Amino acid sequence: MKKIGIADTTFARFDMGKSAIDELKSNHTGFKIIRYTVPGVKDLPVACKKLFEEQNCDIAMALGMPGSKPIDKQCAHEASTGIIQVQILCNKHILEVFVHEDEGKDEKELFWLADQRSREHAINCLDLLFNPENLTREAGKGLREGFEDAGPLRM
Amino acid sequence: MKKIGIADTTFARFDMGKSAIDELKSNHTGFKIIRYTVPGVKDLPVACKKLFEEQNCDIAMALGMPGSKPIDKQCAHEASTGIIQVQILCNKHILEVFVHEDEGKDEKELFWLADQRSREHAINCLDLLFNPENLTREAGKGLREGFEDAGPLRM
Amino acid sequence: MKKIGIADTTFARFDMGKSAIDELKSNHTGFKIIRYTVPGVKDLPVACKKLFEEQNCDIAMALGMPGSKPIDKQCAHEASTGIIQVQILCNKHILEVFVHEDEGKDEKELFWLADQRSREHAINCLDLLFNPENLTREAGKGLREGFEDAGPLRM
Amino acid sequence: MKKIGIADTTFARFDMGKSAIDELKSNHTGFKIIRYTVPGVKDLPVACKKLFEEQNCDIAMALGMPGSKPIDKQCAHEASTGIIQVQILCNKHILEVFVHEDEGKDEKELFWLADQRSREHAINCLDLLFNPENLTREAGKGLREGFEDAGPLRM
Amino acid sequence: MKKIGIADTTFARFDMGKSAIDELKSNHTGFKIIRYTVPGVKDLPVACKKLFEEQNCDIAMALGMPGSKPIDKQCAHEASTGIIQVQILCNKHILEVFVHEDEGKDEKELFWLADQRSREHAINCLDLLFNPENLTREAGKGLREGFEDAGPLRM
């Protein structure tokens, strides 16, 4: 049975892991979820590495909500770099689901965005694991996770 | 038979993979294409690694269209860094074909650019794989992919 | 018996290692502490690697206090990147506890912050090592180390 | 017999590889040159890795001419990071010879600079390979490649 | 007998290696010094790696003097990143001793700073190698190398 790792943080101001898990379970069966919560986004790379190598996960989602200050942006950059390295070392995908605190115009929109983006990336996660041809069919379509799709360019 | 990996994204607003594949097939024979579509540019490094190690590709193209916001620039930077790492680890080339959304003055030009750059890098891909001497002949000529060549410096 | 590595610096203007060790010992038993002090934050990555591989630590805390100039920010960024790499290579957590000199409005607040953040991350360290379920229970709660928690988003 | 790898690009607006090779041959004998031309600077890291591991080069020169836009600066940064990684992995030197398009006041000066810097780094390459004591003798002398030397600080 | 590697550059405008070696020899005995001079700071990471793996050094100092332009800052950043990677790969310390050309108000101060910082880091190098307890005793004391110590925070 396939295993999906869910790495999330106590720093985030929304329980993104819960949204992701709910969406995963609503759309597919035949997999097991291992959840691992760490303090902040910079702890996510090693969390995913451990989910892959100690828990034998086949894929992971790394969910976090970086703050809006320059130092927070830098932390997110460092976390992303590490998340890419882990994927390269393990030959496994990590869906990075970051919601930056300044992406929403208010707390209400941010709340919606954190839930929505987590759910849409959960679908990406399922597609990568079970139906990669779904993604190929959408290649170049200008899809976005959370806010509405940009759509394909008009000639 | 040689294998060429094509990694592209659903985030892109143009089907760059299709243009690349069309150009590859129009210019050479005797290779097989493996296409792998992922959500965004940050998923491309591991996609290429998997194309090399699980699909035995000899070379890959990584096609994406980063957005125009600062966070998009940062994502592109992280993706590029990962793409370089994968090449180093595998001793194989990845042609990075990124079109930034702010490179075109409007959607029409961006549409043209995404197609044209994908096609010109497809030729680079074929040259690296089958005719590296073609590139040596053009060393220092100020070539550009997409927009017109800068040309050699005038003394 | 578990081993906790404490890597700190002579550059820091507060003895963060001492606060961390005091908090660790006040909250749990059954572990050994190995302390390793280096000149600055850029020496912390290899210090942690040595704590893991030469001293067999199971987890580490990397405590430092970067200055407020642009070059200091860059040093902190380089140190953080290295700290993430070490975690990935060793499959072990490092709690990065950095207090930037411009985070406090005066020396007094900085003093308080350096102590408080070291102590709160010491608790995170104990949770990761002994009670990871404590962190999962706090997922998405907007926790902060040092200053007050941001709390969960209001819908 | 020693082997020197010359990695250059079709993006450059001057045939820097030719200048480097000419200077190498004018100053020393007893080595073989392997030239490898790639599209742009981001292809140089893997090109050098292949020169080391597939062609058994003992040292390499990586010559390129990044453009003047912010995105070009970022590409150069990514390329440099990769070039350093390859050196670390292979325990071999790569002389990075980059001329940024905005370093010259006009095309004529850029033309001169690209030739001159390539030649001066070719001498560094020969020194590292055959006469490292030449470099030690010049330690702290404020040498520059291309434009005139800064010279040692005056007390 | 312990071996200390001294990696320095011809780019620097002060013979920092000489100051470091003089200070090392004035304060301790029972070690051997291996000096290795390279063109610039970006050549220091592999120089240190070679000092560790080909010359069996136990520790190294990497001394350089980056220029004051943005591109020089970027080179220093790339060099620092590589120096941290080498330490992580080898489990050995490298004391990075960089003096930025804009750190001094004039050539005279820069001259003084380059000498002083090299000497103070030479003491750090000896402490890490022979007396690590000296550093622990100074933890959190706000030490600086070159300019005067910041000192501990006042409550």
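Here the chain labels run A, B, C, D and E in written order, and each chain numbers its own residues starting at 1.
Convention: a residue touches a chain if its C-beta (ideal position, glycine included) is under 8 Å from a C-beta of that chain, and two chains touch if they have at least 3 such contacts.
All of these numbers come straight from a predicted model, not from anything done at the bench.
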Any chain in contact with chain B as well as chain D: none
Joint neighbours of chain E and chain B, given as chain labels: D
Superposing rotation of chain B relative to chain C, computed on C-alpha atoms, to nearest 5°: 145
Chain centre separation (chain A, chain D; CA means) in Å: 40
Centre-of-Cα separation between chain E and chain D, whole angstrom: 25
Residue list for chain E, restricted to those that touch at least two other chains: 81, 85
Chain ring listed from chain D, with chain E in second place: D, E, C, A, B
Contact set on chain D toward chain B in their complex: 8-18, 35-39, 42-43, 45-46, 49-50, 53-54, 67, 71, 74-75, 78-79, 81-82, 85-86, 89, 107-108, 110-111, 114
Residue ranges of chain C in contact with chain A within the complex: 73, 77, 80-81, 83-85, 87-88, 91-96, 100, 121, 124, 128, 132, 135-136, 138-145, 150-155
